[in-house]
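Each of the next two complexes has chain A plus one other chain: chain B in the first, chain C in the second.
Up next is the complex of A and B:
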């Protein structure tokens, strides 16, 4: 098992390097020489060249990439063209806000989706099932930023229960953004919970449990849900990246000072180091989280664990 | 399902039948038999699914609106021309959805906006489909190191959150409708690689592929004429569902000001313009959002229906 974890961690290195390269290459393909966004209009050729070296814009793409990666290892993501601040510092200041929002969204999603999915699966083809599935479908089809606007309209402008923007009000100000971001996720997970539970509900061990007199409530909670959990965790993990990505919109709607807002503002100001740095860091976060989830369910499910113990994990599955 | 099976002639019965008929008739028999067994049966399944039919009707209406919009409304006078005297009017008999901050009729703009959303959704998914299926099918068919590299690349692509990926691409290429399509397309390619590879893997070792190889059909022809048609169903389902999420992604980018440039009536940018006035003029944000939701809902309904119809095992 520890071998599996070590190998997965080792595999993380090329993945992170490639992610950084893709984003670095895309951002460097931007039209226009970024050096002109820094120097004044009447700068001489020498001043421009000096600025180019200072910004690290000299050399080929590959050379610049390696310089970037070299800095990245030391925790240096460059300096913002606009604010002249260290990108890493700015990112780390914003990150806790985004993580708070992501965590709150996940909680909202879990609270809605697990009960709804179970109710739908246990009462398959009933009216409750139909209502749950229609709700899930609506949640999937609704753009999250629009839902956010509607929530602001109802709960902050009409009813005045929650603030419409900012994060100064503590718990009260995170509720609307979390519901907005969590709804789409809840929709995905309700469907996943339902189908995973449906697979389990018909199995023999549940009939055995019922036959020996276990209460229906306990059968569903202890026997069915436990076994249905792995696919649900998988969906949950996959959706984490969507929650982080999707929070760009939610942060814009609610003026939430997170990473997403940072990226969008930086794009408007053509502040390439900030955009690149923030994208690279966020993607790394997602990749590392996915790895952690993989490891967690190898622990949770003895079946997966024994699989790895037997075969070992190979970087190349077939060569 | 059992009923359908009973209705279908068994291979033995059809062969004895066709033996007694003339050759042209036999060809006709086998032809109708073939047709019924594929798309006709999918359609029969789909017809029973109320949700899918509702989705189909909705989508046909939306496509109709998109096609009719330039005939009913003149782009220069009805869609983008400012009319300051009539700005921010609530919904009325003259302006069904009200007017926006420039006095433009929101109903006309929402109708016209269907053109952008559908076009961006379909083109982006076609882009993802062409690249994804080519690489995915190649990975599944060739296997070995190539497959491994493709799949690792796919892991890397899907670990970049798709909204951020699209934002990066648009900010690099510049704001335009075409770049929006490319950005959304790039961000939705990875799932197609996965689905196409998995689909090809399931048919690759079937006997009829071996038979084709035995009679020396060239490799590319095996892939194009035998493998791809038989692994189409998961790809079609994926494509239908992806058009919906591509429409949402496009609206998101436009909402952030990175999509279709103003003054074009794109739903996402209409929402972005209307949100400042949400306190007193909520209709400006209500209708474009509703349009996005209904369109995506119709595609999701059809996608779910197709998935059930194409793969009865998933039907539970």
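Up next is the complex of A and C:
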């Protein structure tokens, strides 16, 4: 197992190098010279050239890339063209906000999706199943910026229960953005839970459990749900990774200073070090999250754990 | 099972409630789009007068009552983030508002009268030949960390300004800064300039401490203003607290916060819920919510921004003045304002900014007239169908305006391709030496004097025997005669003669049509009832030093 973890972490290196190169190439392909977005319109040629060297924009794309990678190895993600601040420092200031929002959104999603998915599966083709699926479809179809604004109008403006923007009020601040974000995520997870549960509820071992007199609640909770968890965890992992990249619309509507808005603002300002640094860090986070999800598989399903123990592992074959 | 039913019922009720809320008129913007026709000149003048009167009335009634109770903290909801705390490191409105709180310039411009008033320098003298300015600062001026401010710091600021691309043009004429003693500095310029003091009033010319800037990487953020930076979280907010070392009148508010809320509707809701006290730039379609709310007030300030169609005068086809005149007649400015600004603006037909010295009232504007446009094109070397251009721009409002222009130009046989770009990419193209554009919908903001506007917008300078355009000259205009006219006007000491010279320059530009001026908009600000002390500014660099809110 530990060899597997080490090898997965080593795989991170080519992934990060590739991501950095792709971002460099894309930002370089955009129209116009980035140095002009930093200097004033009145800049002389000497000032433009000085700014180019100061910003590290001199040299070819490949030279700049290797210069960047050299810094990245030492933990230096560069300095923002716009704020002149250290990119790593700026990213680390935003990351806790994104992690808080991601965690709260996933809690909301789990609280809604697991019960709804189970109800739908155990009552397949009934009115309860239909209602659950309609709610899931509703969550999936509603644009989250629209839902966010509606929640603000109701709970902030009309009822005054929660603040409409910012994060200064602690738990009260996070509730509306988490519900907004979590509703969309819950829709995906409800469908995944239902589908996974439907595969399991037809299995013979559940019939045996019922025949042995185990209560229905225990059959569902202890036998069915546990065996249906692997696909649910997979969807959870994918959704969590997405949220880690930042929920730009939710962050914008609720003025939540997270990583998503940092990246979008940097793209608008053509702040290449911030875009590259933030995306490299997010890639690293997502890869580590995926690794953690794989480790969780082993704890949920002993068969997978024994696979690691007996056969070793194959990187290209994800369990 | 009963519990499950209850949960489902609650969820269903919530979604119905949200749906109903979403369909209620109060949350729908579409019903509130103003449908008024474009105002006439008289209406515009009346509106401007009204807006100015309102602003005057506000300023007059805004002196904080010493016995009154004021809120300790005022939060201003802004749309744009602070990018740097170095006054010489940028020229954005958001940054300038911060520098007004933390720093001081030698002189200031009164936003009401456009006249120069004392800043840090309480008095100054100008030599008879107009080449030497001697500034006197009080003895007790100190930076917010307690470091004394002396004339040495004035010299340091001017020297540093020469190296920054954002301030270089403002000190171009300065040949020497002499430190007479701790409180007196003499600034010598190479030729008389009637607008020199205007340039010194710009926030980018805020006085910096030589010691602090040399000793600390971020020493530039410490100024002599009434507030000091308390905490800056880029992308979120910046807070300022009263400086203990400010020598002037004590501000009534302990703490001022600029909170970034990019989404306009969220910003307005934050004002309605009381989370912020000032909402900059709400959506024009949402203004009725402010007007109808008895706890809020709407402040409308006529903008100094001139929206214009930049024409690259060196492009084939566009180098023909008759083609440019044809385009000027085919530009339906009123419709562009209606669609792009929701009617919240007025037509701009002049070559300088609103209210600037030298504004020529009798200028003959290019009216929207397709027949005249066709006539002008017939006088050019081109036939309908010969010409095809590209227009670049950076936001949806301008995109809507460009669509109108495309339709009108098609009527006279000129094809127009629309290209929307991110702001940074747009700036990159405009500033790139290649100047690879035909048209650009762009805006120019300043209140630094007529010479600065004309020189930057249309001026050029000689280099190696050739004319090179100035940085903000998006028309790529290189006209020796125009340069001569603005140089002569700049040094003319007789006010009436100088005004007549600028009138002539307006007429000259009207004849060669280097750009198409289109519109001036309003700056809208939503504020809490009882908020006062702000000096609203037509350049959007509002002065919050003495803002207060009655408890």
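For the reader, a short list of remarks on this structure follows.
The criterion applied here is as follows: the second predicted complex is superposed on the first by the 293 of 319 C-alpha atoms of A that agree within 3 Å, B and C clash if a C-alpha of one lies under 4 Å from a C-alpha of the other, contacts with A are read in each partner's own complex, and residues count from 1 in each chain.
Rule of thumb we're sticking to: a residue touches a chain if its C-beta (ideal position, glycine included) is under 8 Å from a C-beta of that chain, and two chains touch if they have at least 3 such contacts.
Quick caveat: nothing in here was measured; it's all calculated off a predicted structure.
Shared-chain residue A:282: touches chain B; no touch with chain C. In the superposed model, A:149 makes contact with both chain B and chain C. In the superposition on chain A, A:273 makes contact with neither chain B nor chain C.
By the document's definition of touching, of the two partners only chain C reaches A:262; chain B does not.
By the touch criterion defined above, A:78 reaches neither chain B nor chain C. In the superposition on chain A, A:195 contacts chain B only, with no contact to chain C.
Of the two partner chains placed around the shared chain by superposition, chain B is the only one that A:290 touches, whereas chain C remains out of contact.
In the superposition on chain A, A:90 contacts chain C only, with no contact to chain B.
Shared-chain residue A:252: touches chain B and chain C both. Residues 30-31, 138, 146, 149-150, 152-153, 157, 252-253, 267-268 of chain A contact both chain B in one complex and chain C in the other. Contact residues of chain A toward chain B in the complex are 14-15, 18-19, 22-23, 26-31, 124, 137-138, 140-143, 145-146, 149-150, 152-153, 157, 195, 198-199, 241-242, 244-246, 248-249, 252-253, 263-264, 267-268, 275, 279, 282-283, 286-287, 290, 316-319.
Across the interface of their complex, chain A is touched by residues 143-145, 147-148, 152-153, 155-164, 167-169, 171-174, 244, 248, 251-252, 255-258, 268, 271, 275, 278-279, 282, 285-286, 289, 292-294, 296-297, 300-301, 304, 316 of chain B.
Residue ranges on chain C touching chain A, taken from their complex, read 4, 7-8, 11-12, 15, 17-18, 21-22, 27, 77, 81, 83-84, 86, 89, 91, 163-166, 168-169, 233-237, 259-263, 265-267, 269-270, 272-273, 275, 421-432, 456, 470-472. Taken in their complex, chain A has these residues touching chain C: 30-34, 36-37, 39-44, 47-48, 51, 82-85, 90, 93-94, 115, 119, 128, 131, 135, 138, 146-147, 149-154, 156-157, 160, 163-167, 252-255, 257, 261-262, 265, 267-270.
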